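A, B, C and D are the chain letters, set down in written order, and residue numbers restart from 1 in every chain.
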Amino acid sequence: MAKTRLPPHEIADLGLAPGGQSRVAWAGGQMPVLARIRERFASERPLEAIRVGACLHVTAETANLILALADGGAQVALCSANPLSTQDDVAAALVYEHGIEVQALRGEDVDTYVRHVRSLLDGKPHITVDDGADLMMTAHGLGGASLEDLIGGTEETTTGLVRLRRLEAEGKLSRAVLAVNEARTERALNDRHGTGQSALDGIVRASHVLLAGHTLVVVGYGWAGQGIAERARGAGAAVIVCEIDPLRALEARMAGYEVMQALDAAERGDVFVTVTGSRRVLRGEHFMRMKDGAVLANAGHFDVELDLEELRELAADIRDVRPLIEQYTLEDGRRLNLLARGRVVNLAAGEGHPAAVMDVSFALQALCVEHLVSRRDELAAGVQPVPESIDREVATLKLAALGVAIDEPTPEQQTYRESWT
Amino acid sequence: MAKTRLPPHEIADLGLAPGGQSRVAWAGGQMPVLARIRERFASERPLEAIRVGACLHVTAETANLILALADGGAQVALCSANPLSTQDDVAAALVYEHGIEVQALRGEDVDTYVRHVRSLLDGKPHITVDDGADLMMTAHGLGGASLEDLIGGTEETTTGLVRLRRLEAEGKLSRAVLAVNEARTERALNDRHGTGQSALDGIVRASHVLLAGHTLVVVGYGWAGQGIAERARGAGAAVIVCEIDPLRALEARMAGYEVMQALDAAERGDVFVTVTGSRRVLRGEHFMRMKDGAVLANAGHFDVELDLEELRELAADIRDVRPLIEQYTLEDGRRLNLLARGRVVNLAAGEGHPAAVMDVSFALQALCVEHLVSRRDELAAGVQPVPESIDREVATLKLAALGVAIDEPTPEQQTYRESWT
Amino acid sequence: MAKTRLPPHEIADLGLAPGGQSRVAWAGGQMPVLARIRERFASERPLEAIRVGACLHVTAETANLILALADGGAQVALCSANPLSTQDDVAAALVYEHGIEVQALRGEDVDTYVRHVRSLLDGKPHITVDDGADLMMTAHGLGGASLEDLIGGTEETTTGLVRLRRLEAEGKLSRAVLAVNEARTERALNDRHGTGQSALDGIVRASHVLLAGHTLVVVGYGWAGQGIAERARGAGAAVIVCEIDPLRALEARMAGYEVMQALDAAERGDVFVTVTGSRRVLRGEHFMRMKDGAVLANAGHFDVELDLEELRELAADIRDVRPLIEQYTLEDGRRLNLLARGRVVNLAAGEGHPAAVMDVSFALQALCVEHLVSRRDELAAGVQPVPESIDREVATLKLAALGVAIDEPTPEQQTYRESWT
Amino acid sequence: MAKTRLPPHEIADLGLAPGGQSRVAWAGGQMPVLARIRERFASERPLEAIRVGACLHVTAETANLILALADGGAQVALCSANPLSTQDDVAAALVYEHGIEVQALRGEDVDTYVRHVRSLLDGKPHITVDDGADLMMTAHGLGGASLEDLIGGTEETTTGLVRLRRLEAEGKLSRAVLAVNEARTERALNDRHGTGQSALDGIVRASHVLLAGHTLVVVGYGWAGQGIAERARGAGAAVIVCEIDPLRALEARMAGYEVMQALDAAERGDVFVTVTGSRRVLRGEHFMRMKDGAVLANAGHFDVELDLEELRELAADIRDVRPLIEQYTLEDGRRLNLLARGRVVNLAAGEGHPAAVMDVSFALQALCVEHLVSRRDELAAGVQPVPESIDREVATLKLAALGVAIDEPTPEQQTYRESWT
């Protein structure tokens, strides 16, 4: 049911609203934790009269977060953190069906993007919700009116936190920012299980490789690398881990994986996945040793983990052999199959995180916005951890959504515990 | 390089040949076992002057089998075992680039199909290669010239074997048929690992569900059910097995799965997969108990394992919510999500078996054709097992393709072993 | 409560009966399947007036089988299949508390053993229950009265079956023998799970090695090898499989294990376990390549799988370093640690199979004895498989004991199934 | 080779030295990381003229730590942290063969123990090495000369850290204490893998239960609980986790375990293991619901996690049925089997941590002692974390001991990394 007067918007096509609405509803059904919070927000209205500016991927899952904030009483404006991921029908549904201000066009250019960010800041938000820190960084850059009413913000990505912490180190971050990405529930679901499943899913979709019986090399054993290794083993692959940090390398070995140097792994792998956060971790010297038919994929944020320049130099022939596979034939005839041009494979060849994962991320976001508002007088400037109470609440709601009940400590146990700490 | 004179053919469009040729080459690169056999065939020519009629899915993988047989000296004609799976570009490449007779059109009607089968039999094949037994059954039905030169055939599917065994039980099967589907290498790769991976892949693609933390119910614990259960556990799901056979049920339990009656499992599952080979194994009484949001999929050959009629009767509303999801809303508001309308999910929502699996199936096919020819004077009529020597040869080639070397028994061990049996 | 008149017996000490009785009761509590059968036997008395001669390990678990047969109406006499495993207190309890004839002394010499076997045959048993085929083979050797009343027998071991099949091949086996060892429930529990757990248990007890993070090499991938590999991986070890059979090697590889030649594995392993049924599978050439501190164990029936002669020749020093570890120091100082002198490690360093495993074996034995009696008029001479109905009954009872309920097929499914086969 | 003059000692029997020496040598062979450090210590002598007082379990593994410290130049005196674990032959070997002062008698009473602790403090140690904080706490209690030369200490247990942190909270801890127990390598090996394996090992030894096919309930999902759950699943058990912390409960569920309230789990489990650090987590209400034959074990530090008082009250009969099993028969005949009287099962029914685990703990201890000495001028009073550089060094040495090589970052990667943080 459309609002009689539409909010400000710059979107592709209002006529796409019905399809977008159906997509938003489906995603909502997959996000029971956020749904529970939205119900409470609708009845308690903790965000009454609060202006929220959100710069996120404009997707059906995000729409559910926006609607939860709106049901909590907030006036929300949304722009897109990434022009390639914008779902124009979802944008239309938000505007037409729900009266949300949206500034987002799939494929918009940089100038347009900058204009949208500024437009949101012109609205003088109390709270920013960022995926890459653009709102918060820009607000600090512009200063003045942009910052005037700003209580604080939340941040979804590691990249955004790096930017914000640099600003903080320079003594210039004047507002509190909650590091959603580092919450314990986020770590548990998103990095480990979300990336673990979706990265392998992307690899299998693109290459149609059988994992069982084959050797998969994971380069990097952080949270995401652990998830990928665990899922690959669970799919029947023999898994090799490469890692430069001895503590992580030892953890990988204790978990039963083979651990070795990348030059040795290069000769053994059928599938390679990089997920280090570093650069050029598989290079010419590795490509030179790989088996005919090896598959190369990257699950790290940036497409710099595979040295594509060296790969091109080594190739006698390069051709597209399947929609997401570029095949590099070396001088001696060996063929290396690069997936999705080295871009993050779970997004480029798959659908990214399942909604069940986004459910937790956005539940954290919603509760963090509420926290910033309710504790506005106690907040210190700087990047802050998500309060443990929020993490626990999300875990509790997620367990309920999974149909899992757990015990409370008895009074005696409570006393005993407190006597210890 | 096209032959100067083209073979008989009825296909969609010869102009699709280049695209098809590229696809055939890519698949060939994924089928190293078949490639090795093809090389030997090309040098030994064991099928010289043999006419082969093949009724198979007309895909890039199949094309590599056909080319191996042709390189072995055979004159091969191909029609399609399933009009929906025909890849018209592959058909064109076989005709135009390789001079193979092909009678196959994507989406052809039943009359056309029957005409193609008969056309192949008119060629008086020495050997039939079947996926569903249509060539062999029809040849027996027609009798006369169709059977005249027929040495025997191979069969790829359980369904085909059932038909052939009925014919045999009636005393009417007059040729030898090798049961490729029951070879040990086929069982090991195809049913367990091929179906295990591809069924889950289909489910995740269609529903985008997160398996970790959720409960997956597998109904049926045959080879395919074992594969699905193993892969689902490997993906972090809690797995429940339902099985009516106590021996299999015990094996499932000893493997660490929960085993229970389907009515109890109905209340626990987030995702349900049927793979029993039976009918209506999940019915109204089960749907009535399921949780809101439950996902229903079938990985069995026929779409009769989920009782869709009862599901429709129970539904207050039915709608398409994603490309491969039909959502049934029950009277009380619970939503059940049916994938791919209950059709076999690894084909209907995914790409079916990885080429590495087809490699083994088609390597068996090629060696079985050779066996039928070389032993033509010793063959008994009836469904016969694949000779163990062929199974061992395929296993040996597959190990080599995987880069795995194994030991030979020492002479002493050989003697010791023989003294025991 | 002792019988007023004691049966014939030759045992160590009747005074040990109370301790033995307690041990028998404890084992009985761990064997619910056999207990259920025993209850039925007590009420139905299917073995009334039947004489059973049993030559088995005289243990608390065996005692429960004997008592089940006795409760079924049989008159049972027991001697020991292995003088080292006889539990004298159990023997005493059987005689004193239950009136069973027992001829068994721990550590008895061969002459005594032979006398006991003959003594049992003098009783003209209707049924023999063997663990190694001594009763059945001796009865055939003696002929005459020993065979007179003999209906048939059961056999528990592969070794016994080999002997019996040789006799059969010579046309001399005149009675039916049921191959309990090859029943499907026996395979599922005994070889895979029983040996898997108990072999690793024996290795850890003897060596106190940490499996996680270390590399375990399994030589031989039959049922027992599969069990050991699966449990070792489950314990966090990196597992390497060596196998000479390409089909098994491929199965191991598809299960995600590394597969390689033993010479290569020799350099990688921290722990080696042989379970091939063959001879000298790890020899001097392998020992020469092993790492300092490597642990050597055998889980095969005979102590011939490790070439101890070559090991001794290579050693500069040999010493006992822990109760079950003999350490061989090679010329260059590397130390190889041999467990239990190469004898079957799950018995020599552990307690052998858990009672839950013996429960299934002995339930099969009891039902096979009943079958031989009830079908005595239909039995063909020769080694016969355990009837599938018995396997199913044991599986059904075991599921019940585990608290697992399964579905029955619906009438429609039953019909559908029958229409297919 | 005995020293000509023996050090001060109060031990059981000097004549036991040869046996002890052999045991110390065997353990040393299992502790390659410590061995490497000992070699360096012997050449660098970083502890020259340092007096170390150590209050630890007097075992063969501990002896190797003591010898490493001594080779580093320290003058070490050792007493026993637990009279039950003292190995008198090891004590004798330390005194007789290595000239180490030892005050330890197996089974010594509390007065003797107190005397030994004071005797060590009378030696005015520069460094204390504690397992329970007795030396450090007593030194602070006595004050004066005991503290005079004291630089700081190390602590091996959680219990000890709790005591020390209380002291610190009261403002009374005047020296630095390094929390070895909380080092990352210690966590990775000791709690997860060490306890995981040894707790299950203790349970299997005591009860001889088959884990495959049975249900194991882990109460508590901290590090040790995670290890036990993982190993039990790896052994084929169906695993249920009970946890009061929602974050941990969610992690358990995401790892694929069933998670439920203890009252529900009580009806399902075949084996129960408590490892919560809390009290009375399984009580009468749980025992009342358990199945006949259930096995009860505790893997927590103290024997208070199972409410033995309520268990006794519920029992109609209590008897010892196997060496480490006390069987409680309830009024209705159900039998509950308590292992090791509820004491920590990996020590009470097994051998505790494998030497490979102690290797890491004691390597940390040795490097922490060196750190305290070399940085004595920079140390702040209070419980301090083990420096990350020590953790990394131990991980690096452990990887080398496992034969694992890893890569170094390239200069470019190093730069890239630093630019990020």
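In this section, a residue touches a chain if its C-beta (ideal position, glycine included) is under 8 Å from a C-beta of that chain, and two chains touch if they have at least 3 such contacts.
Just so we're clear, the structure is a prediction, and the values are computed from it rather than from any experiment.
Taking A-D and A-C together, the pair of chains sharing more C-beta contacts is A-D. With centres defined by CA atoms alone, the chain at the far end from chain A is C.
Centre to centre, using the average C-alpha position, chain A and chain B are separated by 38 Å.
One finds 54 Å separating the Cα centroids of chain A and chain C. Per-chain Cα centroids separate chain A from chain D by 39 Å.
In chain C, the positions touching at least two other chains are 189, 193, 212-213, 233, 236, 250, 253-254, 402.
Those residues of chain C whose C-beta lies close enough to touch chain A in the complex are 212-213, 233, 236-238, 250, 253-258. Those residues of chain C that touch chain D in the shared complex are 22, 25-26, 29-30, 32, 189, 193-194, 196-197, 201, 204-205, 208-214, 230-231, 233-236, 268, 291, 293, 321-322, 327, 335, 351, 354-357, 402-403. Across the interface of their complex, chain C is touched by residues 162, 184-185, 188-189, 192-193, 242-244, 246-247, 249-251, 253-254, 259-262, 264, 277-281, 391-392, 395-396, 398-399, 402, 404-410, 412-413, 416-417, 420-421 of chain B.
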